[in-house]
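Order of writing sets the chain letters: A, B, C and D. Residues in each chain are counted from 1.
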């Protein structure tokens, strides 16, 4: 059966009207405000991780006894905590731990998950069956139970917590990667690549990987957000990084005890987390679209 | 003459693309008289479908009528709210859509979807509607109606689905039917029956039809008047006879000349040469596929296909969907291992090749795909697409590679500027040229073209065919041309095999087969080709130039 | 079809076995064990010999593989072992803790589905043009809020500030309002996102245009054509969400001081009470595979197209 | 018989907590009503000797009676289930006369036989049933039922602490049925059959526990103002781990009493007209102890340096309130035998720095002390049950950092915590406290065979290499054995001085049990070490 791509050509005409690759200024112009804002948020948070001292004069870990539990004020923008530590400073310094944590988590999931999915999707056969059953059983164990056990196993600390969170997301990445690889493998251009004498690995490298990665990257951006949340949840359950690490999840988790006395201690970090996760989510969506 | 049923007056439509608006229909005006069939003819991007959607009030979300009027029996409905339009849609104006495959809700029975149009417009009670449904199904030739009514779309063939959609369109005896490419997704034989059915029904009810099509042949056979659109502007309009006889606009002339037709002279006479120098020899090719979930049961897609192709000639494998022609192509290039039979390409038996040997064999024979949108990696630039095959064999210096690629891009008639483009920046024809360049860059002796021009507009199609012809001349290539379109086949191939349900029903030199077919099936195929009544214009000289 | 079903069931069993074994190995690897934690804590003041005896009495001194076989045997005979920390058979603990969690998770899931449908429907209503964006970004907001934080906030606002519901000794219904909300909101987010995406995809299908061309109104099309087509693929993520539900339950139960599987899990991990954990893993794995099995087997039934196509749960 | 001087001295001491209990002696008690009591943690095993754990004590104290009653005001030992008693000269024989007509809630009589069986179990443990030995009973030999209401206990060595030991929650009397159960069946409160004013009615493990008043209860301690059955009908224990939820629920009127009110919440609770109760625990102060087996803290100078680097005053003023008095010794100023050692507990960074230098710990780069390549990095696990322990340790870490010592505070899961706490290498430092109104508490805290906080060799901690302090252990044994009260108190003083001189411990504050209660809740009383007693309590109508 033949099918006609109606309308495709006049679209092509429009594209031809533009230069092959629009200059970044042009692309920036077409950036939607919400996306721009999201990028801004992430960018800011990143600079926090790199040069916290630029953003605050206070220490993120050392408190000033006698200045504890002060409400937000001129010298303490977001108030102080039970040890007289400036909350804003703790949030700024905490970015390093939260983000690195989230990064490690995503990296673990991305690396192992994508690898498994790639092998399963491209090799197929019994190997695929085996891998996917393993992935399923990973999903079958309640994520929290899994990460808790892993932490107990590895011991406490930012990185271990991150690994535990990442291990849980391996399954998601694996499944997505596999389905993407399978999709790409069915495409004509992959067959054409084989048809022009391409070896398995060459085709994998040139076509399958780059084309299946878009949605995987999108998922990564999404997971980045949920990793921060997962880490904070573990902090709440007492499985977070050891004090006085100003990791955001810990801030919310510790702050909640003061809720009836000092609301700002959980409200402020909570808000920051929500913003960052929202931003990650928004960026993930736009990556997804750009791929489609 | 009577007052027009539909009057489109200076209609302009624009689509929102990101932050700016892109006008695609520029002040189109035409009318449809009661009982009349008017064909909107144009290639992709001509704005014909957009115009039709506007008449139904079903523009895509980002579409907007900028100005102009759409008068239905005198009243302008251009500004109407969806709510008001709902009242006339289906009852006064109805639609026969393009792709029967996806135009029916997959999870509801055809009966319920046919009944729905009557429920929406509250025509009769349950019982009345049910009997009407059965009548309609019977009328469009879906029998036994009771059984069909209970079936789901996926249980029907393309033609049957289109009949259901026709039944839906005529159910309420509307004044106007908009048929948007009603048969372009169907095989020619089916196409003819469907078009006949539409004709009968509209005669019965004195319905007017606005026939939207890319196929001048179909328009010529079925319409009273033609409206030729290009780039959202009307090139010319008038009674079919006049327009075809004496096209006023150059564009119409071009369309006429480029439209493939049996009556046309062949592009080239078949070469003489050594009858024993065979590029391809297929002998008793048989291919079985396991039936999914059917255990050991298998389905025979090809049954003992045999033919020989002399070097430097073009052999066509013709058949309708499901005939097994694509299977044949894929077996010959070595993507499928045949169940039985022998395939010699340049004297090598493809069926015996495995692993590395098969990989090396690839450089002898290349495949060009039907869909130029799916066969190019969206992430590669034209340069990398064409370069890639060179990386797969003996290493070649980067400079040489670049030279080869440039050379090849030039040969397929694309400017070097395109090397940095990505496929999405190219039109369909351009993409197919890139695909051909990729196929040829390894310097194969044999090229298998699987419906390689079917997805293209006639003008583009003509250019690609011309290009292929030229390349064959200069490079002495052998083509295996797989197609459903006899007209095209007749134009470019020397020998042909007609296959039907996996079996070869006809074979031999094109002239012989087309003049004196062995099988009734071939005869039907030939008769079904639309546009037999069309006048013949000499092939357009500027076809070879230009790369639109 | 039969082969498809058998294949599916086989896969399910495979997953169960793999999960069981993997969990057993993981749990054995945990540092220290319940016996040490309970009997070597200073409050008990036991001598080393006494602890050794206790260890033996639990069969905790057998080699790993023997313990593994023993555990497998026990589970097959429906004996989930003995919780060292609580000093009661695991079966009893489950009997106490499973029902409330199932109730909570079940209601939360329903609430989430309801919320999802409302969101999806509203964002596709006509005249929602302005609100649409907001409604569609709501799910993103939902997944961005830490569950425990949400819970604590809901308590503070609805129980302590407004005094609408009591959290300490509430009535049977009252008891569930806030926890269900806390659990449902984050769960509804992925559902809503998938559903909305599917709806948009289906709306782009030609058959929708055909339905409109019949004169069907937007909402008619939404309910009679889009709904079913869009909901089907959404179903398939139910399996994934189950895990999320349990994770959410741990936190929710901790915040609201409810008894349930969540709290049990947390306590068990905390005290390395491997018998309990093994049982929880098996139960949730079982639930997981059954849910997915049901979805997979139902899918072809609900969707006539898939005579035997496999419904993926991603 | 306990000498007069105890009572006097004790009376003086007791004044402190008198205040709280005395608060609401006014208007007529109301019978009936349900009390909702919010606990921070779920009770664990309710084998009475495990009553040292606060949530356990909070339950056991309502459902069991004891042989004797220690008056929280005077600390004098008064009759309760035992009408009278005699002790021989060297405290190796105790004879108790049991009050007639007392029954357990299962109807069985609380007689000499029952008491004997109870103390045989507590004193010797029960291997088959895995019942451990009670830490409050030492040198227990045997019991002898003289007649149905007279029982005699004999000891291998003098056991002076025993009389007071019979008054503590850990010696709560339970029915023979209960004692016949294996230890790990006692996690279920409904299995604990006592003779107390309340009876366990129902329980949701780990979440909720309902006690009902025993209508026929008529054997409360004779000297109490309140007699007969308890005023309240029902007590509902709800385990509510979330601090904010406990406070919120109390203020919102959803509960009447909550345990563990953090110091930072006291102000606003009182400002809303609610009452804070902070009975002292009279035991070993909330402190930081060292594990000298770990080479890093083996050197006395290092320990002393850290002692002087710790600014306990700052901790108390920053994190706590007036209810948390600054520690002046290793035991509370309200505990027996306390001596004021505040002179030795000075905050003196200069001295501390000097001591470290002398110890060969020179300031390295990044301000961390080093000695032949090793850095001075210590590790401690936070102890969740102790008030703001995480914050306390963080503050300590901050203070130690000033002298170039790094303290890593871990928030481990219970499992890892217990495991690591038994390994001096993993945990050279640990937070510690224990509440019990008897000098013997010091022994149970430091003695290798019991809590062994210093991790000496000979205890459960198998990873300990060599560290043993025979002088300390000798003193501890002496305390347990010494029969003469004055000599005993002298020894207690000696131990305190020794422990501080050795800088085994850095005392921080005297830990109270902080409760908050609605103004409607009256006659809220506490036993000697701060466990709540709801026997006399009552709820005023709204």
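Following the convention adopted for this analysis, a contact is a pair of C-beta atoms (placed from the backbone, for glycine too) under 8 Å apart; a residue touches a chain by one contact, two chains touch by 3 or more.
Everything numeric here is computed off the predicted structure, so don't read it as measured data.
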Note: chains that touch subunit B and subunit D both are A, C
Check: interface with higher C-beta contact count, A-C vs A-D, is A-C
The distance between the C-alpha centres of subunit A and subunit C, rounded to whole Å, is 22
Rounded to the nearest Å, the gap separating the Cα centres of subunit B and subunit C is 49
Taking each chain's mean CA coordinate, subunit A and subunit B are separated, in whole Å, by 44
Residues of subunit B that touch two or more other chains sit at 98-99
Where subunit A touches two or more other chains simultaneously, the residues are 148, 152, 256, 259-260
Among subunit D residues, those touching two or more other chains are 242, 244, 248, 251, 413, 415-416
Per the touch rule above, subunit A residues touching subunit B in the complex are 1-16, 20-21, 29-30, 187-189, 191-199, 202, 206-207, 210-211
Subunit D contacts subunit A in the complex at 242-244, 247-248, 251, 262, 264-265, 268, 314, 317-319, 382, 384, 388, 390-391, 393-395, 397-398, 401, 408-413, 415-416
In the complex, the residues of subunit C that touch subunit B are 1, 3-4, 126, 205-207, 209-218, 220, 224-225, 228-229, 232, 302-305, 307-308
Given the complex, residues on subunit A that touch subunit D span 62-63, 65-66, 68-69, 82-84, 148, 151-152, 155-156, 238-240, 242-244, 254, 256-262
The answer for subunit B against subunit A in the complex is residues 17-19, 22, 24, 43-45, 47, 49, 98-99, 101, 158, 181, 184-187, 214, 231, 321, 333, 335, 359-360, 362-363, 366-367, 369-371, 373-380, 388-389, 391-393, 420-422, 424-428, 430, 435, 438-439, 442, 451, 454-455, 457, 484
